[in-house]
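Just dropping this structure here.
Letters A, B, C and D name the chains as they come in the text, with residue numbers starting at 1 for each one.
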Amino acid sequence: MTAVVPNIHSVRELAERYNTWGKWGADDQLGALNHVTPEKVRASASLVRKGRVFSLALPLDETGPQTGSFGRYNPLHHMLWDGGDIVAGAQDHIQEVRYTDDAAYIVLQSSTQWDALAHIFHDGKMYNGLGPEHVTSRGAAKNGIINTRDRMVGRGVLLDIARWKGKTWLEPGEAIQDTDLEACARAQGVEVGEGDFVLVRTGQIAERRHLGSWGDYAAGPAPGLGISSADFFCPRDVAAVITDTWGAEVQPNETPDVFQPLHIILIVNAGILLGEIWDLEELADDCAEDGVYEFQLVAPPLTITGAVGSPVNPQAIK
Amino acid sequence: MTAVVPNIHSVRELAERYNTWGKWGADDQLGALNHVTPEKVRASASLVRKGRVFSLALPLDETGPQTGSFGRYNPLHHMLWDGGDIVAGAQDHIQEVRYTDDAAYIVLQSSTQWDALAHIFHDGKMYNGLGPEHVTSRGAAKNGIINTRDRMVGRGVLLDIARWKGKTWLEPGEAIQDTDLEACARAQGVEVGEGDFVLVRTGQIAERRHLGSWGDYAAGPAPGLGISSADFFCPRDVAAVITDTWGAEVQPNETPDVFQPLHIILIVNAGILLGEIWDLEELADDCAEDGVYEFQLVAPPLTITGAVGSPVNPQAIK
Amino acid sequence: MTAVVPNIHSVRELAERYNTWGKWGADDQLGALNHVTPEKVRASASLVRKGRVFSLALPLDETGPQTGSFGRYNPLHHMLWDGGDIVAGAQDHIQEVRYTDDAAYIVLQSSTQWDALAHIFHDGKMYNGLGPEHVTSRGAAKNGIINTRDRMVGRGVLLDIARWKGKTWLEPGEAIQDTDLEACARAQGVEVGEGDFVLVRTGQIAERRHLGSWGDYAAGPAPGLGISSADFFCPRDVAAVITDTWGAEVQPNETPDVFQPLHIILIVNAGILLGEIWDLEELADDCAEDGVYEFQLVAPPLTITGAVGSPVNPQAIK
Amino acid sequence: MTAVVPNIHSVRELAERYNTWGKWGADDQLGALNHVTPEKVRASASLVRKGRVFSLALPLDETGPQTGSFGRYNPLHHMLWDGGDIVAGAQDHIQEVRYTDDAAYIVLQSSTQWDALAHIFHDGKMYNGLGPEHVTSRGAAKNGIINTRDRMVGRGVLLDIARWKGKTWLEPGEAIQDTDLEACARAQGVEVGEGDFVLVRTGQIAERRHLGSWGDYAAGPAPGLGISSADFFCPRDVAAVITDTWGAEVQPNETPDVFQPLHIILIVNAGILLGEIWDLEELADDCAEDGVYEFQLVAPPLTITGAVGSPVNPQAIK
């Protein structure tokens, strides 16, 4: 951190410092998930001590945070067959059994989600130096979320920044810096290391529940990560960074001339996946109670070919 | 099993024998998942020995098995923003960063999936005796898949029936009976017990890959479970039953007067969830190689409120 | 009209008085559109005098009036192939020609629309006495909009109530009664008769344009028809009634114990179709200018089988 | 026509000969629809003699011709509220009235349709010399179908090629040349002139009905227009060309090195809109019966902003 206002030059410097293009080969589409070795997977399972499972997903329905702006809508759920059809006799040609069926239209990043490496570009490139011609209307031919289909298993570490600061939640605009992350981890008695999935809690979901309305949660001002957080995450070789806000980063951004600068540093350059809109409230309460901030995390994306993000129902298993 | 052709009476007898309505209270919406206690979750994590993760999901795209019949289509994936837009300058109003975004229309049971307890009715009732008025065009108010959001974690056991029979795959119409399941488990040296997620492999996905076409895989003739399989699953208090076919059951069904009789016995009466169209090929090869047929299974559904099924990317972790 | 507050009894009385069930046979699914005979079609064409065409549809896009409440969203438009794909070379396997393609998800009554006769029920019945079992998740087997596929052609008459009252627009809550309709027609020098499509302008779309926001236009307070308007429309044997508001009727309704009472009288009982959210502004200006309030109206619905409504781009041809 | 096989050079020659870029101004987005003057609209109404209306649209449902190839699916129709919900009491909070509601997902060119001028590119340009940057994932900023919202009204002329040739239908691969169009018009006693909407019947829809299956109708071999037809349409200044096949042109195309060459000549260069998959059967029977091959045509597109095509329920009024 420095006293001067960070800008595109600060971002480029961090991006260059933590760039991993080519590190795992020219064809790599996994980025920092390469840090999650079988040994890490095995070790993460040993963190399951009391057999309690936490679902970190919001309900995927009309009560979600989206408003339609930026073309992002809450999910639309439709019944193809329902109980009324059964009553009306519409399935009476079937012998004995009756069934219901349904479909949903889901904007893939409208709720609890993973960003794929193909989600972000800077200077005409996404992770590993690939150009925009790889993401057409047919989807992402490279760096799609489907590459991670069996890679979202490992050690999760919760850094409950709000609680560590003695707050119920951070305020919109409140930035989380590398020094905050370090101090919080130390206070919680947990180390963050290679291949970890780091979950950073701001408490904004709790705030909006308290307010009784999402308001401008989706795409509005938010507490979140400052760009110095890269100095915490990247040297530690973490696998992924997750928050309980729409865009992981503090909003308004610290950089007046760059929108979502950490996306450029982490996703495009370091190849670190971001998870957003994860509901960390129940998990955080449990961690505060038993003092254990590490757990097995299993957060598999849908296997939609070409998708640049995915809804996810992450499982934190303690 | 008996020599006579089973019919609705056989089905009713099994349904009554294994009915669990009320067992976990009048308000229960979990059924046999109640068998998965924290202790079971804890124990399942201890099965992770080599840190290898298997994704058991088919790609969720236009190459899927659906044909549109029964209103079931393969997923439609749409880009809201793609690389071409970036090239065309459509995001030049954003400072530095560029992004892609997407959406999908998914028939929830079109590919690798969970059936919810609200998916099946018989004699006007679903699990726990609830009527069709609980599943309207707004979705399932009861027994929806969302209830299982943090319950799909436990011990998985693969019963590779095809391999046990010395076949590459079973043929359509080939039924798997309780005695087959017992003998296969014994031959594999694995026990099936309370709270287990039992994965039964017929090899039909391998067959269709070999043929180079799904053909009538979705809703057509299939190898699968006979109704006597209930005598294997129910007394053992399993949590869920999963197959690599569209509908779990042998097709044509053994019962000329009942369509999908095991759905009536297992889902409606026993409250046992079914998983369908799971791709067990890679996992089965590994199990055959190391002789270990048990593993941690984490298969969280999407949290779509009111949904009667869910796509899933199941993770088998060995 | 009467001084007492109208209620369900007033509604039932009007409904019974103007009920047409059986009038055109037990199998009829057209209702008052039966009044539009070939002779009426022929005569309506003779109203085309200056060859000017007015499209009465709002743009079908994200700027529409819906907010998502009641499950009604503005249309979602997706490109399946766009210019960026062409630039990226995604169609270079095609010889010479390049193309774009698209799809849309449309809530059928979200914008300028026709209500089908299957849209409204009262006392368990829709038009011609048919029960709810005819409208399942598979759509309306009876009284669907597709029946009108070649019947939406005839004489249109605009009754510009706002202008006749000397106002730019009527206020929410301002009711239009039978006497208003009569006086307005007389003042405009136009007669309303058998088989006519009557377009009633409140000016609410102009108001919301002036305000710069739809606000609560969709499903909120609105100027509109009072139930006495049935005494104007029904004896004259009109074919359809159209307004520039979301629900045709004055909101709040005059009847404290009946929501949308005129829908019960006109659609369910009289079999008169309603058109809603039609943009009458440009047409009204022209009528005021040339003093001609009649024209050929051609407003064909989409031919969606089973649909209970349809978006429409109505053409008023003068 | 010439004896040599036409190729890209033949196409370029015709494209250049009939190019109209700039003819109606650099900002024009209507092309040949500019020929439809108010006088033409007025005159077309005078063709209504017996008051009979023909809907030329196929049902928009799962029975349509699409198979999912090229990402084109038949429409998906979903009920948001249906009769079963009413029976189940799901609307009992509403006073007296009950309603049904629905939505549809429509690939805009999956059935009876208009191609927009933004639908086709050649050599990096669409009509009036505009580049692909005008059609992003947000839709067509130029040459979209919405520009024609009030322009699809005029004189329709049916050229029933199949009947004129004494056939029930033309065979796939059978080309219709300029001389055929001329001879057919002469035989039918009808002239084709400025601003006309010309409907060319091959009978392929009748053939597929006879066969009981669409087979490869969508995107497969088809009878249709040869490139010489441009010599018929363009000098006559027609407004639009319509057929009863998926792509208007004979398939396989006459040009081994150009796919859909007439799209390049007519849409991109001449600015003539194409209508496809119009059901001309009932209309053709009527024209054969009364010998009248001209009529008023009213075929308004949906007003979807940015769309590059539109479903349409065309009305031929005689």
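Note that in this section a residue touches a chain if its C-beta (ideal position, glycine included) is under 8 Å from a C-beta of that chain, and two chains touch if they have at least 3 such contacts.
This one's a predicted model, so the numbers in the text were calculated from it and none came from an experiment.
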item: Labels of chains that are neighbours to chain A and to chain B; value: C, D
item: Result of counting contacting C-beta pairs for A-C and A-D, higher pair; value: A-C
item: CA centroid of chain C to CA centroid of chain D, Å; value: 27
item: Averaged-CA centre spacing for the pair chain C and chain A, given as whole angstrom; value: 45
item: Per-residue overlap in chain B, given as positions that touch at least 2 other chains; value: 71, 76, 78-88, 103, 105, 132-133, 136-138
item: Chain A partner contacts - residues on chain C that touch it in the complex; value: 62, 68, 71, 73-74, 76, 79-82, 84-85, 88-90, 105, 132-133, 136-138
item: Interface residues, chain D side, partner chain C - complex; value: 8, 11, 37-43, 45-46, 48-55, 57-61, 63, 70-72, 75, 77-84, 86-87, 94-109, 112, 118-122, 124, 131-140, 146, 149-153, 257-261, 263-264, 296, 298, 300-309, 311, 313-315, 317
item: Interfacial residue positions of chain A with respect to chain D in the complex; value: 76, 78-80, 82-88, 103, 105, 137
